[in-house]
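Naming follows writing order (A, B, C and D), and every chain is counted from residue 1.
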Amino acid sequence: MGSFKGHALPGSFFLVAGLWWTGKHSLWHVTRRNKNLGSGRVASRASQRRLELIESSIVVFFSFVGILAEQFADGPRLQLYNAAEKHWEDVMNWQHSTMYLFFGLAGIVSLIVHTTDVAPLALDRLMLAVAFFNEGFLFLYHLHGRTMLDVHVHQLLLYAVFGSAAVAFLEVFHRGNILMEMLRCTLTMLQGSWFWQIGFVLYPPHGPEWDLKDHNNMMFITMCYSWHLAFALLAVSMVYCTVSCVVRSRLKRTPPMEMGLLKPREREPESEDEIL
Amino acid sequence: MGSFKGHALPGSFFLVAGLWWTGKHSLWHVTRRNKNLGSGRVASRASQRRLELIESSIVVFFSFVGILAEQFADGPRLQLYNAAEKHWEDVMNWQHSTMYLFFGLAGIVSLIVHTTDVAPLALDRLMLAVAFFNEGFLFLYHLHGRTMLDVHVHQLLLYAVFGSAAVAFLEVFHRGNILMEMLRCTLTMLQGSWFWQIGFVLYPPHGPEWDLKDHNNMMFITMCYSWHLAFALLAVSMVYCTVSCVVRSRLKRTPPMEMGLLKPREREPESEDEIL
Amino acid sequence: MGSFKGHALPGSFFLVAGLWWTGKHSLWHVTRRNKNLGSGRVASRASQRRLELIESSIVVFFSFVGILAEQFADGPRLQLYNAAEKHWEDVMNWQHSTMYLFFGLAGIVSLIVHTTDVAPLALDRLMLAVAFFNEGFLFLYHLHGRTMLDVHVHQLLLYAVFGSAAVAFLEVFHRGNILMEMLRCTLTMLQGSWFWQIGFVLYPPHGPEWDLKDHNNMMFITMCYSWHLAFALLAVSMVYCTVSCVVRSRLKRTPPMEMGLLKPREREPESEDEIL
Amino acid sequence: MGSFKGHALPGSFFLVAGLWWTGKHSLWHVTRRNKNLGSGRVASRASQRRLELIESSIVVFFSFVGILAEQFADGPRLQLYNAAEKHWEDVMNWQHSTMYLFFGLAGIVSLIVHTTDVAPLALDRLMLAVAFFNEGFLFLYHLHGRTMLDVHVHQLLLYAVFGSAAVAFLEVFHRGNILMEMLRCTLTMLQGSWFWQIGFVLYPPHGPEWDLKDHNNMMFITMCYSWHLAFALLAVSMVYCTVSCVVRSRLKRTPPMEMGLLKPREREPESEDEIL
């Protein structure tokens, strides 16, 4: 999918995923911290689980759609080797399918982890780390023989991808650490917006082409990456603050229930982290 | 042993090791979690130790056989330097012997650790990490002056090898973490199946030779590695689920013993991890 | 700002920051350890918070000044792209502005973290790590096509920058570990003094030019870096010892208050670390 | 000191240091584990501290001697720049002096840490890590423009050096972990014996010269490094077992003191690790 759309599409997905995760983790973190104000009503354990299941289902669904789109929309149609012409059919599309496959696997694992109790909870983060790592790994060997700027913008992408993988792996050991969660959200949004940027640089929809061999362009693009990071940080912190304010104001308006009624609720595990 | 067999043999060993470890760690993890159902009977502390001893003995035995095979089956027959012709005798075979030697050492250490109490338990993982690292280290300097695809497939192997080493090292500090154990099993199986793949690519037993300089082949091989990883993940999760189901069904059928009888059993350390 | 001043200025800032941090962390560490001698009076919780706010404000102020100076003193005056001549305006100045921007963001985050309780305390270290990482990242792609020694001195700088980033990231998990704090101070001072050294090497204010292609010079510069590290270690340890001695002598002179009076003070959280 | 002696001398020092550390840490570990048998008499807290002071003093002494030897035995005699001929005087000797300097600093810090209580105990490991890192760092930029095998043997040395630095850094957080201590001892001994090997390869004292460009030699040397590692592992484990056996047999022969007499002894901190 060497086209503007081919970069804008995954970019949008990662942007949405980053925003969604930011909202989700912010909500749970704020809920946990304001327990004594009766915030259990805002986000109970059961609703948390339902949210996870919906999220995982959507991830699985879109991964499946992505694989089909790569294969049948202008792709190799499940044909791997062209024996007649002795070459591999559309290796690029197969690679993209493989990336989607791993995110799909991560979604399936997350579904299993949150519906049954066969596996430890942290498995969903481990699979997410594997999916991100696999994406970065395939991109790493994607770049042979391209022009300087093309290679450079994809290399910059790898920082965000491998960064997400590393943070998700750290979360296996430090689950529920809001800072690591926000960092992962930031890196995911950075990845998303950078996909858009790559699209604009390599396939400018209107306006002049970029000179892919100009060293000055490379210097600018590097700095541009820092700005994307700054915007991702800003977006994540704004979502966090909004969620935090909304939850607090709602809690203040509704008076807490009687202590006696709260007791049994306090007994249920504080958050998914403690069950681990 | 630059031949198909020379890659299929170690590949099979690592595949078997990966499967075996998956089964072992799954069994112990499920046993530990279902303690209250009386699962102590399924895998008691003594039987765990016996299993470890058998495993270690087999590792030591095959390492020894491997060293002998490398030396005497078409190898240097313990002769290191050919003074007449002024060159080293079969450096490759010596290198393979060295790799086996370290796995043998890891086996011996595991034997000592599980029979006596002179050394801390985690030493077996540390030696395993050293053995994997040593294997990767020797492969790293194995590749000078080969063709592009040959180098590439071996480099991909290194991901699995160094990954196993890193995870085993992490286990020194997080012993008994089922996720790390499963990750190590996955990487070991990936290594095993990739050895087979290398054999098929470099020494195709039937069918045409691969073009070792075609860039398209390299792209395909990279993706192929991801598929091996996906299959390894699938295999590990299937073994885990099977073990988990079997243990649970067995526990449900046999009613738990009287509480009074269980008491003393509960006193014995839950698993080897707590003794550390 | 390719000039002597352009390196001496940031160098001085990092030197001052390193010294200031050393003093601050030393004071708090010594105070915490000598609690029983009534050291709560020397550095109370409220004064700690006030100090943090002042520090953050200064960081924000100077970042803002730095951005303005880069833009308007001989810089691009907020103009990014020169459409007429089709090139980016003063990319270097824009890059420096970006670096300042991230340190400014870190300062703002620190202000928010220490005045409100919306975010966990460790966020200030995470943002500091991001700011240092961003600085190193931009320097990394700064160096294309320069002479050998020029590249080398900037590469050496990167050790200190990425080292600071790594230590600050570690502090997210090990907050209040005096050794990590001192290590970060050392690396920050090393960065500051090395900026001065770079100024002297690339733009010698008086005396002869350096031969930027002489391999012997490169060997000397590498060693010189070690000496800077040694001096930074020495400076940090001297500041620590001075603070330690002053606090102890002051505590000895003033007799501790009555036990009864101390009780409520002991109840307040020992340091910011415990609130995390 | 490009000579056989110049490599044999530091090699011997590291070998001795590795053996000494192995003995020391083994003794303390065994003592701690056999507390209930009255092993406090074998290695009391006070004798531990005395041992540390003696060790540190020796390190400081030999570092000082090393610096003097590098400067005055055939070296630059404290002259840094030859203004007449416009070149740096004996940069190599200055670099070696710098390495010794950092080990000397580590010794001094260890002295301070174990006599006073101004600094946390873990500081000695941090300084050791810095000293090892500095050694590796200087070697890293030592190798420009040498022949292939010369570069290769020094690169292999770096594995051991940076490995020691990393393990010492880990010990800052996991102090008293016998496995990390033994790993550091192993890597130090590996470094020592590899210095000897480098001496034999580059400056063979008798016998023929090595062909420094032969690829087969490089393959052999890599394997040889693995063997050195195996021997280091063997030596460390033998020392550990010997110490362990001797302490146990001594404890069995001398009957434990009366329980009443033991009580006060049990009160003193178990080992230096708990004071941290």
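Operating definition for what follows: contacts are C-beta pairs under 8 Å (C-beta built on N, C-alpha and C of every residue); 3 or more make two chains touch, one makes a residue touch a chain.
Quick caveat, the model's predicted, so the values are computed rather than measured.
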*So which chains count as neighbours of both subunit A and subunit C?*
none
*Pick same or different for copies subunit A and subunit B, depending on whether their interface residues overlap by over half.*
different
_Taking each chain's C-alpha mean as its centre, the one farthest from subunit D_ = A
*Could you work out how far subunit B has to rotate to sit on subunit D, using CA atoms and steps of 5 degrees?*
90
*asked:* Measuring centre to centre with CA averages, how many angstrom lie between subunit A and subunit B?
replied: 32
*Starting from the mean Cα coordinates of subunit A and subunit D, work out the distance between those two points in Å.*
45
*In subunit B, what residues contact two or more other chains?*
none
*If two chains touch, include that pair; go through all of them.*
A-B, A-C, B-D, C-D
*Of all residues in subunit A, those that touch subunit C in their complex*: 159, 174, 178-179, 183, 215-220, 222-223, 225-227, 229-230, 233, 240-241, 244
*Could you pull out which subunit D residues touch subunit C in their complex?*
87-88, 91-92, 94-95, 98, 101-102, 105, 118-120, 122-123, 126, 130, 134, 137-138, 141-142, 144-145, 172-173
